Structures are given as C-alpha cells and as structure tokens.
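After this come two complexes, each holding subunit A, first together with subunit B and then together with subunit C.
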Partner chain A sequence: MQGATLSRWTMSYFALACLMLVAGQGLMLAGYGYPAVAVSAPETLVLVHILAIGWLSLLMAGALLQFVPVLIARPLVGGRFAAPALLLIVAGLGALVGGFVALSGAIDLPLALLPLGGGLLLAGFVLLAAVLAATLLAARPLPLPARFVAVGLSALVGAALVGFAFTLALSGTSDNLLLVRLVADGVDLHAALGLGGWLSVTALGVSYRLLAMFLLAPEAERPTSRIVWWAASLAIGLVAACIPVVLLAASGVTALFAAAFLLTLAAVLLYGGDVVHLYRSRKRKQAELNIRATFAAFGALLLSVALLNLPGVRAGEGLAAVVYLFVFGWLTGLGLAQLYKIVAFLTWLEAYGPVLGRAPVPRVQDLVDEGRGRVLFWFYYGAVAAATLALFAEASGVFRAAVLVQLAATLGLIGELIRARRLCIVPKALRAPVGMVRPHLFLPTFVSRR
Partner chain B sequence: MSDASNAIAPKILDVRPILESGGEPFQAIMEAVQSLGPGQGLRLFATFRPQPLFRVMASRGFDHEAHEIEGGDWEVLFTPQQVVAPVETSDNADRPETWPDPSLHLDLSDLDPPEPMVRILAAAETLGPGEVLFAVLSREPLFLFPELTKRGHQWAGNFDETGSAYRILVRTGRAKA
Partner chain C sequence: MDEDEKAALTEAIRNALRMIIDPEIGRNIVDLGLIYEIAVEEGGIARIAMTTTTRGCPASDYLKDAVSNCVWYVPGVEYAEVRLTYEPPWTPEMMAVEG
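Right after this comes the complex of A and B.
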C-alpha cells in the first residue's frame, strides 16, 4: 500500500484548461459564435469545443488523475501515459478547431483537419480513460464515487466516438448515409453524453468524496446516493440508446430524451438532499470558500436541469441560455471553486511535504486569500446570471457586457491560483523553510526528493 | 487507549412484559436491531432461552452469549461479529506484530486535514529509531503514507469496526537530520 502521491501532470492539465477558459470567454466577448451567429454555425462549434474540451475536459481529466487514486486508496496505474494523453487531446483540439474555422470559411484550411482532430481527440480520451479504467479495475469492488467515475468515462468514450463520426461526415471524408443521419439528428446526444454523462456524472461522484473530505463529514454510503447513481446511469443509457435509433432513422428520440431528463432531475434532487445531509453532518464548523462557492453551482445545476424538463425549453430558443447556465453556472462554477482549494492543497504538499514536521510550515489556508476570492466568486456568479438572462432576452449587448465581467472575474480567480502556486500570500517568515521545494507554475518538478 | 468498539454501550431491550402479557416480542426485537448503531450490541431480557432467535440474529451477523439470571429469566447479549477492515501496511513494513509497544499516543480525530499528517510527521521526528507511535484519525491519511515511507518510516493501519476512525502505527526508521 503506497497511498496517494502528487499526480505529476495535473497542474499542466489545469494550466491549459484555464488558458482555454480565458480563450473561450474572450471569443464570446469579441462577439464570435452564438448569439451573433446560429447555434449550429461553425463559429459556435469552435467556441463550444474550446470550452467543453479545452477547459472542462482537461480540468476534469487533470482532477481525475489526482483524485481517482484518492477515491479508491490505490495508486494510479499507467500514470506515464498522462502526458501523452494531454498532448493528443491538445493537438486534437487544435486540429478540430482548425477544421471548424475551415468550415466557417474564415481561413482557407484543409477540411481534413476535422477527422484528424476527431481522431486525435478520440485517441487522447481513450488513452486517458484507459489509464483511469485500469486504475479502477484494480480496486474492485468499487466504492460508490468511483462507480460514478466509471459511468462518466464510458460516456466520455461514447461522446468522443460520436464526435469522431461527425468529423468524418462534416469533412466529406465519408458520405455514408448512417453518418449523415447521425450528424443531422445526433448533435443533442453528443452534447448530452459530453456535458451530462462525462462531465456532470463524474463531477457528482467525485464531489461525494471531496465534499465529505473538505467538510469533515462521515462518508456513509446512503441509499439515496445509490439511487442517484442508478438514475444517472439509466439516463446516460437512454441517451446512448438514441444512437441506434438515430442511425436507423426510427422515431422515439424525443421520448427517450424526455425520460432521460426526468431521470436526471430525480437524480439531481436526490443528490441535493445528499449534499444537504453531508453539510449538516459536517464536523468543520465554518465551510471554506470552495464549498460555499460550490453551492451556487449546485443551484445552477438544479435550475438548468429543471428548465430542461420543460418541453418548450428543449425545443425553443431558451435552450442556448439554459445550456449557458449549465456550462458556466454549474460546470465552470464548480470547477473554479474546487480549483481554488485543490491548487492550494497540491501546492502546499509539493512545496512543504519534504519538510513537514521538521520545520514550521504554513497551513493550507495560508496559501490563499479568501477575502479576495469571495469577491471574485460573487462577481463571477453575478455575471453568469446576467449573461444567462441576457441570452433569454436576446439582448446581445447586455450579454457581452456580462461576459466582460465574467471574464474579468475568471482572470482574477486564475490570478489567485497563480499567487497560490507562487506562495505569494504565505507570510514571509514561513514561506521558505530550508529543504522546501519551490513549485514550478505548471510543470512538474523533476528533482528527486528525499 | 480503549478500543472504540467497547465504547458503545449495548442497547437494552426487556421483552419480559410482552411475553408475560401473552404477546409476541419478535417485532419489537427486530425494530431494536434495526435501530442499533454500527458496532453496537443488544442486551435482551426474556422469560426463557430464546433459541430460535439465535439463528435469526446469526444470519444478521450477531454472536450471542446467553445466561440464566434470577427467577429463571434469561439475559442474552448479542454482539455484532467484528468486520474489521484488513490492516494495510507500507511496502517496507516487516511484521508489525513484532514492533515494540507505542511510546507515543496521539488522538488527532478532531483536527482538520492535513493537520493530522503534520502532527504525525512532527511526532515521528521526536522518536528514536525503531520507536513506535500510535495515532487515531478521522480519515485514512492517503497523502501521509508516501511521506512516511520516503523518510524511511514503516506504518500499519486500518479503520475501526465503525469505519469512522483510522488507527495507524508508525515505526520510525533511521534517524535523519
């Protein structure tokens, strides 16, 4: 038994993810993609994939490489593939975005970039999923949070496969009728597998463990948590079942999606109950900022899933606004809130681990400035709410103003992460005891430690 | 440091009034069993030796200990069979059962992580080579384990029966600066 060690490439995943979040919001601020053009326009696809793959998926992948071993109390299997997977995903995203730009006609690039990007992304995500699946396989029977991760990884591979199929059809590489049907009717299921199955189900599972850890709450497996897993898995299963339905051009996709959304709503409500229970049974009196900022994300999750259950929203114009709330209120809000804690903790362990117990060291909370963080999170969530309402109201000027505030808050929070990495906030007397390791901003330290 | 499982007093249920009034106590017993906390036992008083109940309780993971008390009544103590988590050890640990008794006991169960890790590493620095410390924590200290082995210490630990406390023995390795 070795316990959990620092995942070598997690900070690199996080750093690239943050860059992509800034790039995505920068494009929105510049008026690129929706709402200036249609939801299905190539410009919007550029934007959506920078955010879904570049920001959210890299963030989740980096977090899983660090925390799956914590979920199952076993070391990562095949951690040496973490860096190649990162390279494949980043290269794939670059090619895919290049392909979409070619589709938009803005720059004359070869359309072959699309299947190249789709293929590289599929390879990168399969490699990542294989590392995590091999790690999980060694730990059966899996604790409940790890079973959420297993479902999420299946959805990731499903989303990547469907996405790769799209690139074959969109680039004209293949004119197979089945692929054409998939592109015509399968965009919703691709998005549901990616944003719902991969990013959200995984986040729910990991949060069960992390919330209990951060709140010092007992980690009993509650029956409701198991129902959440079943409901979420079934919902993903129903979405996956849409793939053959679409390929065969049969009817029933609408009904399957309606059932999946209803199951998702049930799962989210039960999950909310579990979170409240965890919060009430906590031993830590004052929840830290990362937990408080996470509650706003849970609110956005509940609201957006409830809205998605309205048939009018699913078919109508409000859909883009609800998806915005889901991506920025729920997934991005949760991601930024947890990064705020995780980066500080991992940096503390990397910097002061070698001298713990031998010299006075700062506490983890000495690496962050919660007062500044709190203000930034208020601005962030306020801006997300305003941007969502602006999309509902189709007020694109207000939308861009809100995105400006949102981007500024994000940059501020990333600045706080950098200050934590650089140990800027730590009181001088404690900052650099003899024998500590000064962490690199985002690359692993290769010095061998004694 | 007392074993956590002995700290929980068994629940007491006296079904003699039910039996004396001609009633059937089975439901009351099962309700009492369901209300037991993890690791908690049940002390039952009855007017006869409740032989059939022993099988039922055994199937639910309880051992029994019955003896006759005054007036021909019976007292039975049902105790949950201990499902103790297997002991995990560091890869460098040689036969923890041969380690000396701990010279230091730490109760760190009320501290916020990663404070327990800091305390254990600091305490280990104060011990001589080969000495042992014992600590109780509220969680499995996954990030502590590699720090211990990196410093040449050995460890062995597991969760208690209730799963709410992690006990760890640390045996210090060669003293280093």
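Right after this comes the complex of A and C.
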C-alpha cells in the first residue's frame, strides 16, 4: 500500500456540514442574528458557530481525513478516531449553541452548556488534530502543501483553546480577570485563528496539490509558494502573539493585527500568482466546473483581504460585510466548488473502483451534470455579492432576499451532490456493471456490508 | 516461447490494458503513459510496472488490481505480477496526446 485509501467517515462529515450550512442560511433568512441584532449578540454567535464549526470546520475536517494521506502519500494514522472526533464536535456544537441560546434568554437553559460545549469541541478538535498530526509526523520532511496543513492545525487548536476560555468566562464559571480581558478584547484573534489560520491557510495548502492534480499541471514547489507559507505562518504567529498581549492588557494588538493583515495580503497576492501559473501550465484543455467555480472564491478572498487592510474596515466600518464576503464568497464558495468534485470522485471510487478493469465504467465526470451546476454556482456567487453589498448598505430587506437566493442555490448544489451519490446522472449503459457497489448516501459502506 | 511470441503477447497485454481508464482523466491508462513496462518471460510470465498520475491517490489500489485482473485474462498469460512504482514520477508530458 503506497498511500491513501477511502476515508470511511469523510462523507458523514460532509453530510452534517451541508446540513449545518442549510441551517445557518435558514436562520439568516428567518432574520435570526446579525443584522437584526448586534454582531456580538448571542443570536449572532449561534449563527457564526453553526457556520464556522458546523459547516466549514466539519467540511475541512472531512476533506483533510481524505486528502492529508494524498498530500504525503502515506496512510492515515489513527483513522479509527475519525468517528469519535465527529461525535465530540457535533455534541460540542450542540451544547455551545444551547449555551448561546441560554445567553440570549430565548429559552431557559443552563449556562453550563457553554463550557460543556467548549470542552467537547476542544476535545473533538484536539483528537482530530492529533490524528492528522500523527499522520504528518510519519512523513517528515513534509511537502509544502502538508506544511500549510500543519500550520492550520496549530491555529485550530489555538482557536479551540481561546474559544473554551471564552465559554468559561461567558457562563460565569470563572471570573478570572485574564479570562474577562480575553473575552473583552480577544474576539478578533479567535476569529482570525479560526477563519484565517485554520480554515484559510489549510485551504490554500491543500489547493496547491488539488489544483495541480485536477488541472494536470506540474507540481514543482515554486519559491513564491514557499514565501506564501512563510507569510501566512508569520501572520498566524502575530495573531497568536496577540493572546499574551491581550491577557496582560498591554498595547500593541492593533499594530500586530495590521502587520498580520499586511502579510496575509502579500501571501494572497503571491498565491494568486501561483494559481495563475498552475492554470497556465495545465495539460488539461478544459478546466472542470470545480476549478472554474473556485476562481470566484479566490476573487472573494483577494477582495476581502484587501478590504481588511483598510484601517476603517478593521475598526468596524463595513466589517460584517467583509467577513460575510470572506465566509461565503471565499470559504463557502471554495468548499461548495471542491465538494462538487470530491463527492463525485469518492463516489466513483466506492461504486466503480472494485469493478475497474472487469467492465466498462464511467468517468468521474459522468457522475455530475456541469450544466446545472454552472447555473447554480452563478446564482450562488451572484447572491453572495448582493448580500455583501446589502450589508454594506445596511439594507436588511435586500440582504434577506439575497440570502433566499443563496440558500436556494445551496440547496440546488446539495441536490446535485445527492444525485452524484445516487449515480442518477451516469449513462444507463454504464451505471450498474456487475459487481458495482451502490454507495450509501452518507454512511460508510462497511456499516451494512459486514 | 520465441521472441516473436513474446512480442505478440506483450502487444496483446498492452491492448487489453486499454480498456482500463483513469477515472479522473477519463482516458485509458496506456495512452496516459501509466504503464511503464510490460515484460513477458518464458512460460507466459508477465511482469508489469505501472504508476498513477498522483502519488498517494486513493484510486491507486483499484488501478493496480484492475491491471492485474486484466492481464491474468489475456490468453497466453500464465502468471502476472504488477508492480506500482513512482520512479520516475508520472508527468503530464508522458501522455500520448493532449488530454
């Protein structure tokens, strides 16, 4: 065995992630959380954590369990912990959301749910990070994409630790002055570690490998790619350095953040250059939809990071709109675009891998209908742009109308993923060769095949 | 088994392998340049050296099994051995024509 096999629980991570994305957008459509209430209101925290943990982190975790072994050409170490980690994260998110709801006063729930949720989430993410770190440790020296993942995992543990500390203070479990300071001044660094360090740096690293794979482009490590890694790592280091500064109530957080954002902008610009280089050196004539849809996400990344470098935006002017663009244009756009490909690819492996060479089989591309997918991505990104502008303009009615379109496009794309899983699009002549394995929608195949 | 017979069996194996596609690219693995060597020895012993487009690709084992199954069924083959190698690593330049 030279490397990777199918990750058993990845599809379960993906399915739950998609449910959380729908739930999050459904809440926004219903007017729950920002902009109806303040950014820091408990309702907004419910929304933010359903999206950041339930959708984005579960998506990233499921993808890493499958693709870290591909990055380093070695099998996953401790893959049996993937399911317990998922359970811990989902239970932790449930408790955390319950705690925020209690904080909002909507339902009379114990505030102890907050530290319970924070603790479960910390345990789940540490378990996940340990599995992936053990896998990476066995493959040193690490190739560049894997080094991005290592930095991302460090940021994940940092974000989970800070988050757990928040829950102790918010629930009143501890009135330690340091924790109170952290809650008062550390929200930005918690968000930067999670959305920037964990989700974005990891995504950049994995995308170097996936783009080369899907475009049939040479995988040479370019000097600019190494600079991207250094700049991103340094930016995360600066954000992490803000933690003791906040705890000691010292000054300098603003300067450290400004430097981190500047480094991030440099990293994103160089990364953009690398992507253009990969695209131009591709051997595949026609880039598939997942790649084309990813380019819109890269545009959102560049725009949102550029805007975050404006002092006025960082001070709060339009910040929510920029974060929305970052979360839905960049991270969610990238996530949906890559899911579109990864689900088809993993489904192909499950269904047709065992009969390859014994019967004619479809291509991965035959499992999807790019025509429908393309329209849905157009609607999705259009709606994200409209929602972002509506937030800038503080037009909450327009915002909700845009979210409606965004949710409809998301549901359409999830429907396409289900059609791929069900092999609905595969030409009939190739759909069910003898010996083909029909995959379950989201549970691992081995559950019913024992 | 003379040299002509070995060459004919080698060709038969190569042709048989054309039915196996790389699922991602959708082209057969011979034209993609994934079959590095087909060696036929005395007594119908076939040794195949192959690679995959990406080291560590989750499809690697399926492709290797597919090649093994396929070669065993070629008339004249009495034993087949398939070796997966990444030396040299596959590059897109190894494809017969643009994909």
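Definition applied: the second predicted complex is superposed on the first by the 444 of 450 C-alpha atoms of A that agree within 3 Å, B and C clash if a C-alpha of one lies under 4 Å from a C-alpha of the other, contacts with A are read in each partner's own complex, and residues count from 1 in each chain.
Operating definition for what follows: contacts are C-beta pairs under 8 Å (C-beta built on N, C-alpha and C of every residue); 3 or more make two chains touch, one makes a residue touch a chain.
Being a predicted model, the structure only gives us computed values, none of them experimental.
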item	value
Simultaneous placement of subunit C and subunit B on subunit A, clash or fit	clash
Which of subunit B and subunit C A:Ala134 touches, first, second, both or neither	neither
Partner chain(s) touched by A:Gln66 [first = subunit B, second = subunit C, both, neither]	second
Touching partner for A:Leu356 - first (subunit B), second (subunit C), both, neither	both
Partner chain(s) touched by A:Leu177 [first = subunit B, second = subunit C, both, neither]	neither
Touching partner for A:Lys285 - first (subunit B), second (subunit C), both, neither	second
Subunit B versus subunit C, judged by how many residues of subunit A each one touches	C
Subunit B/subunit C common contact set on subunit A	1-5, 69-70, 73, 213, 216, 218, 283-284, 345, 348-349, 353, 356-358, 361, 363-364
Subunit B-touching residues of subunit A, taken from the complex the two chains share	1-5, 69-70, 73, 213, 216, 218-220, 283-284, 345, 348-349, 353, 356-358, 361, 363-364, 449-450
Of subunit B, residues touching subunit A in the complex	88-91, 110, 112-115, 117-125, 138-147, 149-150, 163-164
Residues on subunit C engaged by subunit A in the complex (per definition of touch)	19-21, 23-26, 53-63, 65-70, 84, 86, 91-93, 95, 98-99
Contacting residues of subunit A [partner subunit C, same complex]	1-6, 66, 69-74, 213-214, 216-218, 283-285, 345-346, 348-349, 352-354, 356-358, 360-361, 363-365
